[in-house]
Each structure stands twice: as C-alpha cells, then as structure tokens.
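Input: a single structure, listed below in structure tokens.
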Amino acid sequence: MATVTLKPTKTPTIMFEAFNITPDAFAGKTPAQIAALEGREGKIKVTIGDFFEVSGSPGATAAETDIVIAGDCSRVKYIGNKMTAGSITVNGNADMYVGGWMKGGKIHVKGNVHSFCGIGMEGGDILIDGKAENYVGCAYRGDWRGMKDGTIRIKGSAGNDIGTFMLGGTIIIENNAFIHVSTHAEGGTVIIKGDVEGRVGGQMVKGDIYILGKVQYMLPGFKKIEVVEKEVDGVKGTFDHYIGDLGERHPKSKGKEIFANLYVKAAA
Amino acid sequence: MAEILIKNGFVIDPTRKIDGDVADVAIKDGKIVDTVSSAAKVIDAKGKVVMAGGVDVHAHVAGPKVNVGRLFRPEDKLFKSPMAQKNGYRMESGFSVPSTFKTGYDYARMGYAFVMEAAMPPLFTAHVHEEIHDTPIIDEAALPVFGNNWFVMDYLKKGEIENTAAYIAWLIRVTKGFGIKVVNPGGTAAWSWGLNCLSLDDPVPYFEITPREIIIGLMKANEYLGLPHSMHIHQNNLGNPGNYAITLDSLKLAEGIKPKNKFGREQVMHSTHLQFHSYGGDSWANFESKAKEVMDYVNQNKGITVDLGCVTLDETTTMTADGPFEHHLNHLNHLKWCNVDVELETAAGVVPYVYDKNIKVCGIQWAVGLELGLYATDPNRTFVSTDHPNAGPFIRYPRIIKWLMSKKAREATLDTFKYKDKVIDATNIHSMDRELTLYEIAQMTRSGPAKCLGLSNIYGGLAPGMNADVGVFDLNYKNMPSDPEMIEKAFLRAACFIKSGEIVVRDGEVLGHGHKNTIWVNVKMPENPQVMRDITQSFTKDYTVGLSNYPVRDYLAPHPFVIDVDVEA
Amino acid sequence: MPKIRLNMITQRSIEEGAAMEKGKTNPDYFTACSICEMNPEDMKKAGIWKSTNVRVTSECGSVIVKAIEPTQFVPPGLAHIRQGVWANQVVPPRTQSTGVPQYSGFPVTIEPAPNERLKTALELVQGAVGLWKGGN
Amino acid sequence: MPKLITQVGCPYCGSSCDDIEVLVSDDGKKVLEVHNACTIGNNLFHHANDSTRPMLPRKRQPDGSMKEISYDEAVDYTAKTLLAAKKPLIFGFGSTNCEGMSAVGRVAEKAGAVLDNCASICHGPSFLAIFDNGYPSCTLGEVKNRADCVVFWGCNPMHAHPRHTSRYSIFPRGFFTQKGQMQRTIISVDPRVSDTAKLADIHYMLNQGHDYELFDAFRTVLRGHDIPDEVAGIKKEQILQGAEAMKKARFVMIFFGMGCTHTDGRNHNVDIAISLTRDLNTHTKASIMAMRGHYNIAGPGQVWSWQFGFPYCIDLSKGSHAHMNPGETSSVDLAMRDEVDCFVNVGTDAGAHWPIDAVKHVKKHPFITIDPNFCMASEISDLHIPVRIAGVDEGGVVYRMDNVPIQFKAVLKGLTGVPSDEELFDMIYERMCKLTLTEPIWLAALEHRKYPSVVS
C-alpha cells in the first residue's frame, strides 16, 4: 500500500467541494498531478493544491492507495465521493457528503462529520469517531434507492434521518439519535446504542432496527409481538420485538405479510 | 437572411418521392427555394443523407404534468444530463424529463423542427405557453384535451354536434391550441370520483355518456370544423393485458367518418402510442403481443394514422391525462405518485417507471412497439414516437430507428434480456426480418406526421416554398454502416441542422437559438349565443377562475404562426 | 424572579398580515407582532400580569414582548408569538438539514420584564447588524 | 371618470383570488376602492397609494446613511457584485410575477448563484415530501365542486388565507356540493383552538410536534390494525371517528400548512400525509394540497423546474449543471454555514422573516434588496432597488396554490421610471454580459419577453 498525505494549508472561505479526494482519482498520479486535481469553491475552479500540501505517492490502483488528511476538513465537502477502493483517513472533522455514493474501500474520520454522510452508499466502510449531523446513510432527494450495502459506524451521536429509504447494509450509531430512523426503509439494519426521541421505523416496509437505549415516543403503527434474546454488535440482551409500520404497505411472501422489525432493549 | 446551399447530399424526400438522389438543397429567407446566388453559404453534404426537419406528432414536452415530472424527480438529474454543452448556452438538466432548454437543444441536435405537445389542460394553458416560450429552436403546438370535458360530455349527451364544435372552436382559440386531444374518454372524468371507464360502453358517472359516444362525437365535431389535424386519441384501458380488443373496437369507430378539410389530411382518427394498446393475454403471466392483429386492421384503413410509443428500456417518467391509469400503475410499482384533477376538464397522473431488461413484461412491451413499426405497410401513416417520456425519452428516437432498420440491433438487444426465450414466445419480433429503409424512416418521422397534422405544406419535405428545416446526417446512403450503432449516432447528433433557414446545429453541437414559432389554429365561426351563455354561466358557478383571465394573452405566445380555419355556419 | 419554560410556536395571523401590508414600520405592525400569547395558567405560574412585558429567551437569543391572553386558545405549556420581527429574534436557525428553521416547537423561558422596553422592528433588525442609529 | 377594473387578481396569499374589483382614479395612479378582497388584500392595494414609496435606488454610504442613486448605477453595482462573488445567493420571490422569475434565471446562471425562494423557509419540506412520495392533488375547483370532507392539518386559513374557506373549501356551494358547508365534514388538526378549528366538526388538539404519530395512527387504523389508547394526546375513539368520517366521504381533501413544515420532522409530516392520501384512495377519492403562503410562491417552483429541473435551492455555481439538496443548498443553511458571499433579497423581507442569526451571517457580505417598498431587509441593505408592485402596477402570470396559472392584470400605471422585476433583471443581465464580453441569450427575441404595458 502507498500513502498520500494531504496537509491543510488554507481554510476555504466558501466550502471546498473536493469531489476528487478519492483513491480512485489519486491512483497512479504524482503529487503534482494530485495537487492539480480540480475542485470548486463556489463558482471558482480551484485545485486540491490550493488548500493542501500533497506529499507521498499513491499506488497504481485505488485499492493500493491510502489517503491521510493531516488536519481539519470542516470546510471540505465530498471527501471519498463515489470511491470504489482504498482508504481515506481524516485526522480531524469533515464536512458534508463524506463517503457519498461510495462503492468500496474505507473511510475513517477521527473528528465529527456534517450531514449526508454515506448518502447513496453502495458498499465499503465508514467509521466516524465523533458525531454526525443529519441524514446518515440516506437516499438522495427523491430517490427510492437509498443505502444499498456497506457499513457506517458513528461512535458519537447522530441527528435526524438515519437510513431514510435504506435498502441494505448496516448503520450503527453508538450514542443517541434524534428522530426518524429507517423512515421508508425496505431493508438494511440500523443499530442505535443510545436513546432515540421517536419516529422510529415510520413508513417502513422491510428491514431491522435495534435500539439499545430508550425510545421516548413509539409510533402507533408498531405492535409488540414477543420478547427475544439477541446479540447485537457485541451486546447481548433481552429485546421487545415489535413489527410495523402497520400503517404502511408490506410485501407478501407465501400469502403472509412481511413486516419490518424493531427490537427495543427491554427495561432491566 | 442569408442564403444557404446544401450541396451533393443524398436527398431523401418522400413528399416528392426522392430516394437518395444526389442533389442540392437551396435555402433563402427561411424557405426552400429552387436556386440561390453564388453568395450562398455552402454546406458540403457529400456522402451524407439530407432530410427535412423531423416532425414529432406526440410528445409531452411542455405544461403542468411535464413540469411535475421535472419537479418531483430530482434523482432524474443527479449525475445525469447527457449531451449538455458547456458555455454560452442555457444550462441543461434532466434525463427522462429534460428542462425546456435541454428539450429544445436535444430535438435540434436530432434534426427535429416541430414538436406537438400532446396534452394541454385548458385551465393550465398559460403554463403550457410559458414553457413553449422557454423551449428554444423548435416550433411547437399544443393539443387541448377534450375527452372528459363537462361541456363536451353535456352537449354530446344531447347529440349537439354543432354546439360541441362551437365550444371546441372557442376553446382552441382562447388557448391558442391546435386540435382535439382525447385521453381515456370518459375514464378520466370518472376518475374524479376515483372510478374509470374500461370499456367503450361504461357510462361516465353523472354524465351518463359512454366513451363510444364521446369518440364518435368528437370525430364528427372535428370534421364539422375541418381542423388541420384529426381527433387525436389515447384510448381507454391503456397498458392492461388483453386491451387490444377495445383498441380494435375503438379504431373501428372511425369507419363511418369521412375527412373534411383543406389541409390534405386523409385520416379522421390519430391513435397514439399504439404500443400501450396492443396487448393480449388476460394477466401479466400470459401477457403477449397483439401487434399483428392491430396493425392488420390499421394497414387496411386509410382513415387511421398511428404512432408507435416504443419502449426504450430506460428508467423514465410516465405522465398522462389518464389519471386512473397512473393510480393503477402506482399500485404496481409503489413508487411516488402525483395526480392533478382539473376542474371541469381533465386530470393527470405522473409516476416514475423503470423498464427493466430483466423483467419479462418490459421485454414484451419493447417488442410490441417495434413490431407495430415493422408490420406497417404504409409508413406514411405510422410514426416514430415514444410517447415521450412515457415509454422512453425522445432522445431515444435514433435508437428506435436503429432497431427498425437493423435486425442485428434487435437481436443484440434481445440477447441482453433475462427472459429472452419467454419474450420471444410472447412476441413475433424474433421471427421478423424486415429492416426499414431510410426512405421509410423519413416517411415515419417527416412526411407522414406532417401530413397527419395538416402541415404538409410547411414541414416534412424539401419542396421549394416549404420551411427551410433541413437535417444533414452522417450516413452514406450508398454504403450504410454494418454497425447499427452508427445509425443511432448519426440521428442523435445531426452533422448539420438548419432551422427556418439558419444553421442551428453543426456536428451535433448547438450553434444558435434559431427562429422559434408557436403554431396555433384560429377557428373562425359565427358566435353561438347558446354556447357563450353556457360558458359564462359555468365560469360564474363552477370554475374558480374568472372568464376574462382564462384566454391566454398574446404576449405569452410570441412569434405565432396562426392557421386560420373558416367554418361556414 | 419566577420563570416558566414553554414550547414556543410562531405562526401567521390576520392581524399581522393586514398590518404588514401597510408597512413594517407602521404602528399596526408593532402592535400586532410584539406580543406573546400564553395560557392564563402559565402566566399565573410565572407571575406575569396580562398585557405586561416579558422576556422570552431561547437557545439563540431573547426578545422583549408583551404577554397577552390568547386571541386563539393556547393550552398550558404552549406559547405563541406571531410570525415576524419579534418572533425571529428567538427562532433557532437550525433546520434539521431541510432548509427550514425551527419556527415552531422550540423551548423558551419566559419571565416577567415589566420595566423593559419594547423595541421597534427597525431597532431590532438594524440593531442586530450594527446599523441602528437611534437611541436605546 | 374613475374606472372600475374587474376580475383583478389579489397579490397577497396563495388563494390568488381573481375576483377583486378595483376602482381606480381617472389618471390611473390611485386606488380609490377595493371590492371583494379580504382586509389584507384591501390594505395591500391601498398601500400602493403611499406617497412615500421609493422611486429611486438607494445606496448605503460609508457613514451608514442611504443616498439615492440612478438605476444605471444600481444595475452596474449589482452586476459587478454578482460577478465578483464566489457564490452569491439570490433569495425571495414571494411577490414577483413569473416573468420576473424567468428573467432572474438568466442572471443567476450568469452569476453562478444559488437561486432560492421563500419556500425554502416555508413549504420547502413539502417539496422534499413530494420528491419522496409524490403529490396526489387537484385544482381548487375540484374541492369546491366535490369535497365533502375537508381536513385542515396544521393550517389556519381563517388567518393566513382569509377567503380560502369561502371561495374553495368550507362554505361554497359547488356542482356536487350544493348544500355548501352543510354537506361538508370539517376536520381541524391544530394544537391551538384556532379560528379555523372553531369551524370544524372534529378538532384534534394534538400535542404540538406530534403530527407524524397521529398520521401514522390514522394509517394504521385504515389498514384495520389496532392502535394505542392515546396517540399524540388524542384518544383512540376520536381517531377512529375521524378515520371513519374520511373513509365514508365521497371526496376527502387534506390541506396542510406550516404546522407540518415548521416543526420537528418537517418533510416527514407532509410525507406521511401524502401516504395517508394515497391510502384513502383505495377507499374513496382523496386529494391533498399545500396551503402555499403567497399568491405566486408556487410560481418559482414551476418556472425554475422547467428551466433547471428543481423548484428551489438551486445551486448554479457548478456551471455545467444545476445541483439541489436542501439542507446544503437552502438559504438559511447556506447563511449559517457561511457558504455564500453575497445576498440578493428579492420581493421578500429576509430581515423580518429569517431568524435574526441567519440575517447576521449574510450581512457580513454585500446585501442587496429588490423590493417595491421599504422593509426590514431594505433598511439593512447596501443597496435597495425599488421595482413596480406585481399584481398592482404590473401584471403577469402567477401560479395559485394549486399550481393553476392565473394571468394577473395591472390596475395602476406605476411610478414613472420604476422598472418591473423583469425589466430590472434584464438590465442586470445585459450589464453582466457586457462586463464579461459575452452575448446575451434571449431565446425568443427580447422585445417579446416583456410583459407588455398594454395587454389586449
């Protein structure tokens, strides 16, 4: 593996749209060529070199390329956009669209990320040490095909709209989440290890949700059917098993309706 | 305006029975002429095909439901805007429902000169014309919908053809419309109560009139007025297995009606997007093609013209004034659903749809559309369309042409189907060897639709005096490419396109914004006091807009080309 | 001083609309919008007399408005400031990534402020961006 | 002789009433009487008489005062400011005709701007819901002629749309609803006993912010499942009663407003309302409609959708394509995240209607207001350019809340020398083209684009 290091030299005044900070774009290029890769700051065409000092060299392919951003990217969008392989590590915060439409590889952000992390994700792994804002692992506006595969793990908390229109893959929020979990989902798994205010599984067709903390307001469309023992992301426990959203349409298999599952850790 | 001489191309002009003769086409002041001076700008078309500008008889390109399609599908724009040019032109957006700018540019790139907006809800006329205004280059007209209109149903119920005609004349005039469009006659009106009319004799709730009576009545009214175009119908029971029976029944209604007009039109019924109406079977399991049965009838009856409505196997957006159909479709695919019921007039629905090669039914639908074209014995009455964007976006016309012209291309597509064998079993496409000629394609995309619209003295040919809309395509008539992809490529991006005497496209790139016209029909007939009284009363009681704010104002349709129709009392 | 924590909503009213169309510097607009409607029970709890000034404080700022009994019934726990300049001194700009600020449903603290002065619309807005040239 | 102009459109709320009668003075410069309008519309027409209306642009001076300048200078300043900015934001259009909205499209494209309208802080979430779930709707005439069960969810037309209930939704006698209000079941969902709730047969006084749960309860009941004894503060029996009323009706109409879009969940409250409407269509006929606030705030959604493919929050800074993602490209988010460096406020008052924090953020950069009147935004601007009042001294196309286009008339002659929005934007565009040595693109010839001063 070969590593390219980007050291921030300047904070963008408007956000830097760095859709080329990916192993795919870097692979096989010299540091000078990488520095010349395009991005945008508002309507101005800029380059990666305008905001970062580039050192090291990438591998011949994306899979052989690791990118380390040695500093804060609070004003950098689209890191890891559409990447297919390799890895990106951000030693600080990152702005919106981290791992957007990502197909493979790994992203590790050691700080916080803003909204739309893992939007339209199709594969790969995203790990955020800090917190995420809203719309983690969501679909692009209007698209009924949300996150399809891959894993997103947020060690901190997250806001609203987690896994909206999710079809597959796994999202783990290790702390609390606000509202709207797996809304409109037709597959996939969301695990919230903290508490959620409410609106869990609204308009959900298929898929699984695990809440290890409390749900303050349950939706009326979820009905408790049993108590089960489960191990979830390394945590064993007793869960109340709900099915729903009973207000939503559901596919049938062998004449029986298939519902979405919500497992809420039973009170001790 | 400058003179232009297109030299040495293979000219194909079915209006004059010219098939590939090497000749020059001369242009002056926006018209085709016999000769030009030596000062003319010369375009070398040697080794290339020269045809008149294309004429699209049926597409949804401007108006409220088209715009719903744009508005509610941001994902139709995400990472998708093919062929967009960068600088100096308006921004281009969208795939299945392109922005108005992109619509104009893309049609021009394909060498199209005229497009008919296929369904204008009268209450939304100002919207349609605003969009037409913002669509560059191409000439456009729009067909107001009548098949579920309260006035029409009321007059026809009482057998009042004259009053129906007077109302139609008024409405076409105040909407700056072109002719009579009928969509799911009666069914859409029933949809206002959540119902539908699936046979020709299902009565419309409250109005107690049947689709059969509406269709016959409107054909009679059309000929009473002598409009340039015939009644243009989207039949009942669209899209369902077994619907070819009602299709044939509806087509037969044209048998008793004679065309009466001064525009050279010979048909009394244009049956649109026939693909959606030519299905056999009684369920999705035994769904099959009835293209042969339907085309056998069409081929024998000169009173009918049709367009294909070919499925192009894309992710697209369906939109139609057939409100109940879109509701039905939404129950099949569970995607988002828009609906607009329009007071006293019509309705519309919009649902995204993915024509997936891995789904058997989609493969059969693809075959049906092409079979209709391949069974046609009179290409001058059978036109290329996708019912844009319903069966696919209009930028796929070149692909349809490729399929119609090349068995090899059809087989290549069949080979990509997951259920190839089942599609072959349910259709005839695999056994059909016919490959249409460029001359036949020119009939299906130029001379035929122009004649059907009553516009054959303006569009669809290259005779002196006609509009100077001329496309040059990079195809060698004498030595056609063995790779069918080259056909699609040539028709997708014209080597050169001249619109109204100005070069607007060169090598597939837009060069200018041309001289766009809005075409509308001004039906002149003595005022009918009964009808005017009815209109005034209805606007006072039933409508929610004022009568004086209803007629579209002149400034919204600049550069009009008005066709006067005089009706004797 | 007693305080009360309430759930705030800011919505339209015909008085606000009618006044706005006369102009936002018109006295009618001041009268229509520099008020907070609360349930009398809540007023009592916080020691607020009706038609006296109160300070409304949210996560992002505070504003002085006049507390009145609801023109349209407001249940205990809920408060309403009509949409406009005064309301927007306390509306949190957070949007839940939808573009729309939290105009309704945000926590506020309301306390009596009988000796505080109501500011005009112009003073509030110009004051916020350092352009107010009038007195305090 | 004063002249009575009839079937005039009212440029206030989304009801876009076009039955107003305005008596205008002999010289066409004063409104004397206004008939049929509500009190707000009445004030609006009369306010046009205000003798203090600005007639020239005003530019802020170094000492903070405003000084009148010529239109030519104002156009030049605006063009240069837009070109110099990395990412300008053009926001507003709450009181602009479609001609103006179309013209600004060229300016925004040329400027690489973000183009946004008041929906961004209003019914924007309704757009998000429409993107995700569609919009089974109808025109208001359908409501008048057919609806026998009308639901007002989080909206209060008696205040925000004063004539809505009499023209369309509660009181009118329509073709199939000849008994008017008698024939309609009215349901209100509001945490307050609003003046609309007072007219309702059933009022759900739910816990504020819990609309989503209540919608889910209705949907669950409609599918034949049981629900808890109380949802969002509403008793189960009352929910069953409402569900039954909707199911039994021949035509259910759901109107929703800011009570859904301004609170927690935003778009999801509307989204599930759309799902409920869809569900109801398997039992009866049902339709849903956003109670759009301004008379032509549906306009930019239409005009920009056909021009750019998106109704609002349109980021044109990429040059090659338009990008939209509210939350990122929405005005208040852009402001709070310092993503724009120039702000143009058009036909709205961001100074009054934005959270003050967001105002402070955009005020760090050049701030231009284009509006007929003095407003909070104009009084903190670096430049204020007055224009004619659409619907009063300028006509044009507007889109009513049901997206029906209505051709408004001008009733007054307008102030001498004051341009319309459209004319002003065209001047700015031409100046920008001149400054960048590029050819303007007019599509149809420029002289045909203008809303004509005399309309036949």
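By written order: A, B, C and D. Residues from 1 in each chain.
By definition in this document, a contact is a pair of C-beta atoms (placed from the backbone, for glycine too) under 8 Å apart; a residue touches a chain by one contact, two chains touch by 3 or more.
Nothing here was measured: the structure is a model prediction, and the numbers come from that model.
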Chain pair with more C-beta contacts, A-D versus A-B: A-D
Separation of mean Cα positions, chain B and chain A [Å, integer]: 44
Rounded Å distance between chain A and chain D, as computed from the means of their C-alpha atoms: 34
Interchain centroid distance [CA atoms averaged], chain C/chain D, Å: 24
Chain B and chain D: spacing of chain centres that average the CA atoms, whole Å: 34
Touching two or more other chains - residue numbers and ranges from chain C: 96-97
Residues of chain B touching at least two other chains: 72-76, 335-336
Residue list for chain A, restricted to those that touch at least two other chains: 115-116, 134-135, 140-142, 144, 160
Pairwise chain contacts under the document criterion: A-B, A-C, A-D, B-D, C-D
Chain C to chain D touching residues, read off their complex: 7, 9-14, 17-19, 21-25, 60-61, 70, 72-75, 78, 80, 83-85, 88-89, 91-93, 95-105, 121-122, 124-126, 128-129, 131, 133
Of chain C, residues touching chain A in the complex: 96-97
Contacting residues of chain A [partner chain B, same complex]: 140-144, 249
Touch list for chain D against partner chain B, complex: 6-7, 9, 18-19, 98, 102, 106, 109, 127, 130-142, 144-146, 167-168, 174-176, 250-251, 278, 281, 284-285, 287, 301-303, 305-311, 316, 319-322, 324, 397, 399, 403-409, 438-439, 441-445, 448-452, 455-456
Interfacial residue positions of chain A with respect to chain D in the complex: 13-15, 40-44, 96, 115-116, 134-135, 140-142, 144, 160, 165, 179-180, 183-184, 198-199, 202-203, 217, 219-221, 223, 245-248
